[in-house]
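We call the chains A, B, C, D and E, going by the order they appear; numbering starts again at 1 in every chain.
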């Protein structure tokens, strides 16, 4: 049975642990890849039925199962039965609105986090939820999308000399986390470009409503990234504190390295957030600046020509007794008055630095 | 005796534990429903007098009593006497201004929190206070309103195979908390819609005082939601730390699941709060933008026509000696001056990107 | 000797523990009331000399002494000598600029906090400092003002059946704290009214400098309330942690109830603070809105009539060769030009939604 | 050797503990005062050479040495040698850019903090660094300036009955800290005056660039005060936690009193900071308000006279066929049109509350 | 092999510990300096191959190796092999995007932080990453640039009497950290100058878009400095908590001194951040102020001359029956009306303080 709900609120009222996919459907068909390896041994295949992994259950090799596409409830349910996974964990795997977290059970670990990616043109981040079930000899990875995210790891496993082949499921888990966290650097680079571009538009040319729109959109993106990335710090801290036998102490130094990266990413996000908040104040400043420029033009034109027009208006009056009208030099004299007033006002505005 | 006070400040000075309903009256008649169940047994009824539950007191079944409507002080007082509940707990049940909290007593647990709901059209959140008294074999739920919030749970209990039938009062408590916390997702969805709609109005069309009004209203709503929802995190943390025998350790994983949901809701609320604060700055920016547009129109009209009017004024003067007035081509020549000035200024404004 | 200093900075340099009243003088005459009670016994009187309480010193009854008015140094000094109170505590009682706090000594507890009240018309909070000295059989309360704050408690003590009569000084202390903390709800209600009224003025009618003045005044009031109320949380936490024999464990649940109230008040204050900060941005938005409205009126008038005036100016020129002047239909034709221009511009402004 | 560097950055690269005065030179000549006292004994003098204190080294009296003026490196170095003070402590004494702190060594304590003062006219805070070296029988105080800050203490010591005479160096240390911390209340009072005066200017009369200047200056002053005062809280907390024998437990209650004062000062500073940030928004609001007022005047004048001028312009045209020109009542009729238009517009503006 | 990647995101997907230089290339050729010293012994040289340090491996002297320029992967890899350094540490040394941190391994310590410097003219901070590997008898320093940063230390080591010669690698480590942290004071001084200069421009003369540009640039610089400097506090706290035998307890007091300096720098950065945020509000205020000034000029000119022009327009009308036109004193009378109106309006504007 494969049904999907698009928002988490639709599920309200269902019994806890009722298995149903919640979230947008990114893949309709589920692909299951299996890699089985030990120091000496290597095997790689795509399987049709999840039951095909049963044969790896009793060997001492590391079996890495990648499930791409989450709409097939049966697969998840079958894994749950096979390895005695708690119903709530299965539910979390199927519900793609999880906050990143680490949970420790007697026989397995559950890790869930988000893999971020951006499209090239506009800065729009997409989030893929990735769940890891780590057992003694198995690592299950549940992804929403089919892609080549783990190809570098797969390539390394194929090489017999790679460190991956010498360690267990904990080191594989680290390698997976590392590659997911490192994706964020690409997103951060792309965010940096987007913000710089807004900043340039703002400070160099004329800011429009579009700029405003972009700032607001980036602010929301940053808020979202922050929400999905900052719990990763505490996720790894949880793994480091864990006393589960599934994480060897040798792995700690590797996890700390991932943690370092996560902290750097979170700090960058925080400072981008500050910068974006500041950009709105700059926008307001620039709008005010432009207003001043506009008003200066108006004021200069009006202040010079309004008095002159008044003067011209006076000598356009039709009074019978207006002696000036008959003076021979009145007209050129008035022109010199016009010019004098204009020059005086222009100097005045120049002094005020309005010109 | 059933009297109600509408604000908490009216109660100031009364002895502690003086039982009186404080808060708005949402139901005038109290309804009492009882569900009694065990693995094998199931019984469901609406009772008139609270004394009818006495018969369940000595059986090992789980008895769930739902009291809807809080104006009937007698019911609460009688339960207090029957099960030896502390006077201050009874007072808290009757006073609907409680902050969500968890309290542990020797023989029972007290939990109080808010159930949020929104009306469809405008985003206006209403808060219903729900109190839980959890005993070894009893769960009392005190609600302000009669509604079908718990129908999904009741339906599950009726099914003999449901997990609820196998667990005790602690699992029932979890199920109730879960359904209340999950209501918040609906509110959050609705808040998201409301904010998106404001944002669209703001960035697409002309923002009015109404938009401002809505932003301010949403800000206050978000402040209120935050006040009522964020203590839930610490409420559940308290339950997880509790060493009471009334909460079995098996239930912890379920409570953690509720906690996850609560944290996600709180984080969403926080980011909506940030967005709403930012919207005011955007409003100010857009108002400034519009001002610039208005001023450009004025400046262009005024700057072009004021000098021309002055020129026309000059040749409207009545001086006797104005040689131009007699020139044959003066009038068309002046027109070409008019046109030249206009064109020059239009090009100037075009260059400034005001057109 | 009774001298008072009005600001704390005047005291700088005096030896520590130099007893002198610091603060505004709210009462010039000191009133001392004594209530002595036990389960069976009750006695109530106003005394002239503090030495009259000596007779209660060796009985097992609870003696509650209320000192209203703090300018009489002798009373405080005498109590200090009688019960061996530390000089710094006496100093704190006399100096009404204390931050709320709880201090534990070998034989007594010292509690100091503020009782808030508001005048009806304008929201202006006044602060009265109340100090409590709690001993085994004595509770001393030092207040700045004579009022009926404690009348409800006094009334309860008179009733032989009231719980107060069965407990000791710790329960009386709780009752006093409860009544003081509950006063804050009245202040909060009144603050809520004041803020709503500002908000209404802001969003409905024309905001003036007065509105600004009120917002700023409310912000300072809220800052002050916060300063005086938020330490109460930590005060009660201190009492709950205390291992003094003067606070029985049975009283803890009552103190937690006061703490609940204090937390709710502090959270309300915090959210009012946020709202007030936001109101300034709304004020700025509304001022900007009004400016736009004013400028639209100006721009519409100017943009329509300035071109028309120019046209009229042209035909007011006195050139000899202006063929139009002689055309028969020139004048009505020009009128239709006037009307056409006006209509076109009006439609243009209508389209821009300026009308 | 006495050389001084004015900024700390000039010292970069020098070996740690290289003794040189860093900071502004407030006194060029160093004064050394010595007070030696016990319950029975009292002696007071100004000495020329620091070696004169050697004679007090073996007596059980308390010896208080006040060094005013820090340019004389030899004095500090000699004390360092005499009492085996760590080179880094001596360096800190000589460098007047220290953050307030408390350091505990085997045989002595080192305390450094700032003494604040303000000039009367303008609110400009000056900071004097005061270092204390507390030994078993010695207290060294290093000040930058010669003044009468400690006169009240000196006066008290002279009196044989004063508590100071009965206690050791720890109580003297408390007394010194108390007097330094209490200086802050004077600064706070003066800051309050300065802020109130800005607020009044802002809300009552016309705010100018000067007001802005003052707000910004006050903000920086508050930021500086905060930087120099807030570590005092943690300084005293450090003293209270210390297990050094140099601080008797009897002194704790006195130190808590200083701590209370420090906390009150820090809280005041925080709320002044909030108020100052808010003042800028008020400034912006008021500037907007004034703009509206100005624009109303312009709009009213322009909107009334521009249409009228147009009408007058029409009848100033020189068309041959303009029938109105010949009508007898045309001129008075036009006047009534002028008046009607003006009145209608004035009513319109009145209704809009622009008048 | 020497290849470099310019951004960290390009490395995503590489196996952990893959040695490659990530960051901008500041030096293409690597210089290796070695200083070997003990109380009695001193030796200083520049070596070509890192293998030349092998001879110091078994002596008890302190060997300080400074590697300037990070593009030569072989050097780092060779050191890693010689001293058995973890692959992830080597990776961090080569990747110049590290967050400052302290890591403790069994046989060595790893410290990485940033050295800040500014160019003179414009405030533009450059960051050089410096890594320290501290072993029992070796200190390796990896720098991006060749410069004379450590010359003062080198000079001190040459002197036989200097404290450095008596201590081990921990004291040398302290000396290096001290000199790096002290560089920040120079940057802070330079930042202070830059901010003061902006503030002066803002408050004294006319603020332009350039000022805005500078404010924004400084804000980003401060955000960056903060990101790179604030972890230093926790770095040193980590060293103080460390129980490694590589840090003698005698060194703690020196590290605390560095910590003091770091805290002072961080606090300065925080307050500069606040000031910069405030400057934008001041900018907006000043732009508003200028607008008011401009509008006053316009309003005064327009309000005076527009009514006068209207009056002149009236008497420019060509009605046959306009009695005033024939009055003898009409023209001078009108002039006195003109003057009266102007004077009245000027007084009005004077009263409003617009003049």
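A few remarks follow.
Please note the rule applied: contacts are C-beta pairs under 8 Å (C-beta built on N, C-alpha and C of every residue); 3 or more make two chains touch, one makes a residue touch a chain.
Only a predicted model underlies this, so the values are computations on that prediction, with no experimental measurement involved.
Where touching is counted per the definition, the chains common to chain B and chain E are A.
If you average the Cα atoms of chain A and of chain C, the two centres end up 42 Å apart. The centroid of the Cα atoms in chain A and the matching centroid in chain E are 26 Å apart. Contacts with at least two other chains are made by residues 281, 284, 288, 291, 295, 298, 302, 306, 309, 313, 316-318, 322 of chain D. Shown here, the protein chains touch around one cycle, each chain meeting exactly two partners. On the side of chain B, the complex with chain A involves touching residues 152, 156, 162-163, 174-175, 178-179, 182-183, 185-186, 188-189, 199, 203, 253-254, 256-257, 260, 263-264, 267-268, 271, 274-275, 278, 281-282, 284-286, 288-289, 291-292, 295-296, 298-299, 302-303, 306-307, 309-310, 313-314, 316-322, 353-354.
For chain A in complex with chain B, the touching residues are 7-9, 11-17, 86, 88, 92, 97-99, 101, 103, 206, 209, 212-213, 216, 219-220, 223-224, 226-227, 277, 280-281, 283-284, 287-288, 290-291, 294-295, 297-298, 301-302, 305-306, 308-309, 312-313, 315-318, 322, 324-331, 334.
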